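Here come two complexes built around chain A, the first alongside chain B, the second alongside chain C.
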Partner chain A sequence: MWEFFVRSLDASTIFTLAALGELIGQRSGVLNVGIEGVMLFGATLGFIAAQSTGSYLLGFLVGIAIGGLLGLMHGFFSITLGVDQVVSGMGIWIMGFGLTTYIGNPYTGPLGMPRIPSILGLSPFFYLGIALVVITWFVLSKTSLGLRIRSVGENPSVAEVSGIDVAKTRYLCVTIGGMLMGLAGAVYSLDYNPVWNYNFLMGWGFIALALVFFSMWNPFILLSGSLLFGTLWQLSLNPQLVLPGVMSRYIWRMVPFAITLLVLLIMSTKWFRIKWGAAKPEALGQPYVKE
Partner chain B sequence: MRGIIKRFPGVLANDNVDFDLRQGEIHTLLGENGAGKSTLMNVLAGLYQQDAGTMLVKGKSARFSSPRDAIEAGIGMVHQHFMLVPSQTVTENILLGLDEPRFNLHLNDYDRVVAELGERFGLKVDPRSKIWQLSVGEQQRVELLKMLYRGADILILDEPTAVLAPKEIEEFFKTLRSMVAEGKSVVFISHKLHEVTAISDRVTVLRKGKVTAAGLEMKDITRQELAHQMVGREVVFRLEKNPQKPGKVVLEIRDVHALNDKGLPALQGVSLQVHSGEILGLAGVAGNGQRELAQVIAGLRKASQGDVLMDGEVISNRTARFSIQRGLAYVPEDRTHVGSSPNLSVTDNVIMKKYRKPPVSGGWTIDMGVAKQFAQELKESYDIAAPTVETPVRLLSGGNLQRVILAREISGEPAVMIAVQPTRGLDVGAIEGIHRLLLAQCETGTAILLISEELEELRSLSNRIMVIYEGRIMGETQDDEMEKIGLMMTGTPLTQIEEQGSAEYV
Partner chain C sequence: MRIGSYELKLEKRGTLSNWQAASISILAIIFALALFSIIFILAGINPLSAYREIFSFAFINPYGLPPTINRFIFLLFCTYAFIIPFRAGLWNIGMTGQLYAGALGAFAVLFAFGGKASLSADLSLEIVIPFMLIAAALGGAVPGAIAGFLKGKYNINEIVVTMLLNFIIFWLVSFMIKEGGPFMNPGGRGESFELPPSVYAPLINNVPFTIFIALGLAVLIYFLFAKTKIGYQIRAYGQNPAAAEYAGISPFKIPLLVFTLGGAIAGLAGYHYFAAVPGVYKIARNYGFFGDLAFYGIICGLISLGNPIAAIPVALLFGGLSVGGRYVQGKLSMSFGLDYALLGVLMITLVVFQFFYRYKIVFIKIGKERTDVGVLR
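So, the complex of A and B:
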């Protein structure tokens, strides 16, 4: 049972990190649906770097760097070139899926390094995740940088008239967002499940994406959503640990995705948006073109 | 500002404009829509860069490459559409984009500063409210506070009263006076004459990008003269009009009320009649209900009250098809999206109202041979310059696209035709062609309701001209009473004009 609890928190941490990255980008008005692709890159290249150098630190740094780079690329497409953000994001996902399969194939198998030591029985990244949630919340709602980010996401032309560089702010957010997604991927492949395998993520990124909508763009709700989905995910992997004999494991395997679908369905109803005053950034998904 | 020239693709928005503003005055910039008022002020506020000309601010030569530069020079502009972020608080909006506070916002402290500033200028608003919770008048106060907080002492207000209720306007004028008393200077952009006379010290009039009256003292000029300067009277082009021989009433509008897209009243009891064989011109500044009226007649918008009758039969609140079958033609304002289907060919576009009936329709199918031949005939008789009838209409020029639309509408031999801004954005030659088509159609006995903002166009085509203002008909005149039309367009009913003669009134 304790084991199940720890694994759930570990899973939640990965959701938190990735979704937080997505949230930061979205608050500035840039949607990145390629989150799964960014995570795959971060996980695979981080895995390779750690295995070939024997250094965990280098592995994580490579994961973060490639994530930031992909965020920057998404920024170039969607901010500078004004490409449809969904198309660019889908491109990143497909590219991530294909390229990491090709690059990672020779490394198939376990990492073969001593596990990362835990702190008070939990992964150190769990604490990092919580700290980042608090920091993100503080920066977004209490600082002038956060005000700038929110304004750019809500109404870029107002921001522009107020003397804010819209493109610069968005670039900053998608890059930091990408770094967090890359880190999330690396945490998966180096800490949570240190084995490289073909398409090992199987939808973590998409659940993280859904979590951002679920959170109504609030870091704290995002954290609780991550905990919920982390637990569900773990439950779907090993239902017999908690509820032995209830439903086939294949149905359990489907539960997180079904709930994701349900959440998104409810969230997109008019009733919900009016009732909760959902804070979806007004300019989300729209490229800003200066006159 | 000296000799400001600003060009947009195909338009000369400001042609050698001079403008000066003294400290502590309210200087009005008056002109019709599209006269170049906002463009000129956007140059001053750093949103646009002029193509030629110089600006001196407080004696120093200035050239702004962004709104930020202008604000640093003490120039702040309140735009017609408010530049506020609805989901953020008043204070957050005011602090937006400033270097101070550097990182931590300390919102409580700044709330107090904003409240004090509001107190000082009589702009009361709760700094902690979110913008979307505020009324439009309050939002305007936030805009002003935002500029004042940035230390602006030249305030440009782009049609600030357009969104205010009469009572709010009074209060707003009081605020303006108190700001001027503190040494601020105000540029007030407007096309409403009664407000201009009420608030300004001096006035500059723009028409078609040129200054027609520069920096006149308000006390030296009457409203009449201003209306004249604003509307102009030179006759550019005149076609031979139909001698008036109005037939029976074909289109009748009885006390029509309707809401606009935002759910606000756009039409408040419009009544008019159009006879066969005449062109009734409907004048008015954009956004006074013309669009909604045309949509109600065409069956695209619900009338909340009142009826539209064609030959005595009610056609309002039915389907568009219902009125088309009874001979209504509609030339909408938006010719690329409502008037035509850009990716479809000329043929497809011209049969759009014909495909249900033979000979184009062959039961379940469309006889493309007949359709093409029909399109070919129209292409020749309406002089549509398109490579073939298979060309998608998005590739046609504005004038040719309008010909396609008119060809479709006219070939239906309509009894009534509604034309909204049929020549907007076209060049002189194309305009003439469209005008000839409309006149020829009128001669065949069609009743035409021509809705336009171009007074010259209304003058040269219409038998009668009516003026609409805030969803009400202000009155009807013959074509040569341009000053009366100008006054009616700014909200003075004809009855009032006639009662008061040529005297001034407030």
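So, the complex of A and C:
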């Protein structure tokens, strides 16, 4: 049971990191639907770097760097070129899915390195995730940088008039967001499940995307959502630990996705929106063109 | 930007003529293939000879051409499943799940007619195949309708919903065909029971009859958008949902309609690949591969700019490229996933070219007095 609990927290950490990256970008008004692609890239290249150099540190750095690069690329497409953000995000996802399948295939199999030591029984990334949630909350709601980011996400033309460089702020956010997603991928392939396989993520990125909508763009709700979905995901992988013999294991694999759908549905009802209000950044998904 | 005595300037395009759009799309494909040759070069292979192998296998070789045509039909269904919602400004990336659901629907009909019990079951072709087609379309329409309903009624992001449904149905198929599921092969292999030969899809010159459905859909969809009121409403909703609602177009019915139609067409793709392509005739263990192929439909739809007629040559080309890619990968002993890599490169090139659908580069000769001008945008 303790093992299950630890694994659930590990899974939650990956959801937290990836969704936090998406949250930061969305707060500045840029939607990136390509999280899964960025994670696949971070995971695959991080895995290859770690395996060929024998250094975990290098693996994580490569994962973060490729994530940042892809974030920057999404920024270039959607901010500078003004391409539809959904098109660009889909492009990054399909590119990640396609290229990592080809690049990673010769590395199929286990990582073959000693496991990363745990701190007080938990993965060090769990603590990092919590710290990043607090930092993100602090920066977004207590600092002038956070105010800038939020105003760019709410109303870019007003922000521009008040002297904020919209493009620069958005670039900053998507790049940092991409780095977090890349890190999330590297944590998956180097710590959570150090085995490379074709399209191993199977939906983590899309659940992370749904988590951001679920969080109503609040880092703390996002953290609790990640804990919930991490546990659920772990349960779907190992249902026999908690409920042995109930339902086929394939049915269990559907459960996290079905519950995500259900949660999105409840959150989108009129009742919920009136009760809790919606904090969706006003300018989310709209390219900003300086007149 | 300045080059010599010319100034390079980007200009916003007005409306794009068909020929302009087509030439940009062709340029995008050529560019992607050029970019893709880097992968061959990195693997130490001459890209020109690799492309010659790909094209000659896919379009000339008697062993390569039938798979190309089968894949072309499949991609065309997937493209139309993408295009119809796309014209309404909505993203259907759930073709994967919808086609699995379609395949499950078709096999459910066989199951009901006793096709699982015996391979030698003598079923009537004229009765069973229409039922299978209808069930496949209905099967695909269900997940489509769910996505459309949630978008129309609650405005839930359709990308997230269709993707979640993809995973749900992926595991549903595993449940049905593996580990004692109802559709499991009696031999105990982790795949579905096989089609009785009496209901193999009729072939014309070795090509399944589904090609006529696919090409017929091209014409129907063209007319839907060009001539009918509902087609006009879909386009109006796609251009500006708020204005369309003001003009009395239901913001609930349009998403529901386009996703249901798209899902039904994707369901036919499931029938086609699992029940009509010679040599398959079952939901294979590696059904995930066919689902992944469906993503080529997104690229076809984007490159053809939502035009169902233009999608025909594009789907043929990509069908051939993916078949030929798989072939050279084996022949030149390259790493697995060449067709996946091609998918990725095509997609990202297309994203960049989205920019050129809206802007064009013009060269202006700079006079002496204008040397200070040099804006990129």
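By our rule, the second predicted complex is superposed on the first by the 289 of 291 C-alpha atoms of A that agree within 3 Å, B and C clash if a C-alpha of one lies under 4 Å from a C-alpha of the other, contacts with A are read in each partner's own complex, and residues count from 1 in each chain.
Going forward, a residue touches a chain if its C-beta (ideal position, glycine included) is under 8 Å from a C-beta of that chain, and two chains touch if they have at least 3 such contacts.
Because the structure is predicted, anything quoted here is derived from the model rather than measured.
For the composite obtained by overlaying on chain A, chain B and chain C can both be accommodated side by side without a clash. Using the contact criterion defined above for the overlaid structures, shared-chain residue A:202 touches chain C, although it does not reach chain B. Within the superposed three-chain model, A:268 lies in touch with chain C and out of touch with chain B [touch as defined at top]. Once the two complexes are overlaid on the shared chain, A:33 sits against chain C while remaining clear of chain B. In the superposition on chain A, A:96 makes contact with chain C only, not with chain B.
Comparing chain C and chain B on the residues of chain A they touch gives the larger count to C. Once the two complexes are overlaid on the shared chain, A:145 sits against chain B while remaining clear of chain C. Looking at the shared chain after the overlay, A:254 reaches chain C, while chain B stays out of its contact range.
With chain A fitted onto itself, chain B and chain C come no nearer than 7 Å, counting C-alpha atoms only. Residues 33, 77, 81-84, 86-88, 90-92, 94-99, 101-103, 105-106, 198-199, 202-203, 206-207, 209-210, 213, 248-251, 253-254, 257-258, 260-261, 264-265, 268-269 of chain A are the ones that touch chain C when the two sit in their complex.
Those residues of chain A that touch chain B in the shared complex are 142-148, 150-151, 154-155, 157-164, 279, 282, 291.
Residues of chain C touching chain A in their complex: 39, 91, 93, 150, 154-157, 159-161, 163-165, 167-168, 171-172, 174-175, 178-179, 181, 288, 292, 295, 298-299, 302, 335-338, 340-345, 347-348, 350-352, 354-355, 358. Against chain A, the residues of chain B that register as touching in their complex are 47, 66-68, 71, 79, 83-88, 92, 95-98, 101-105, 107.
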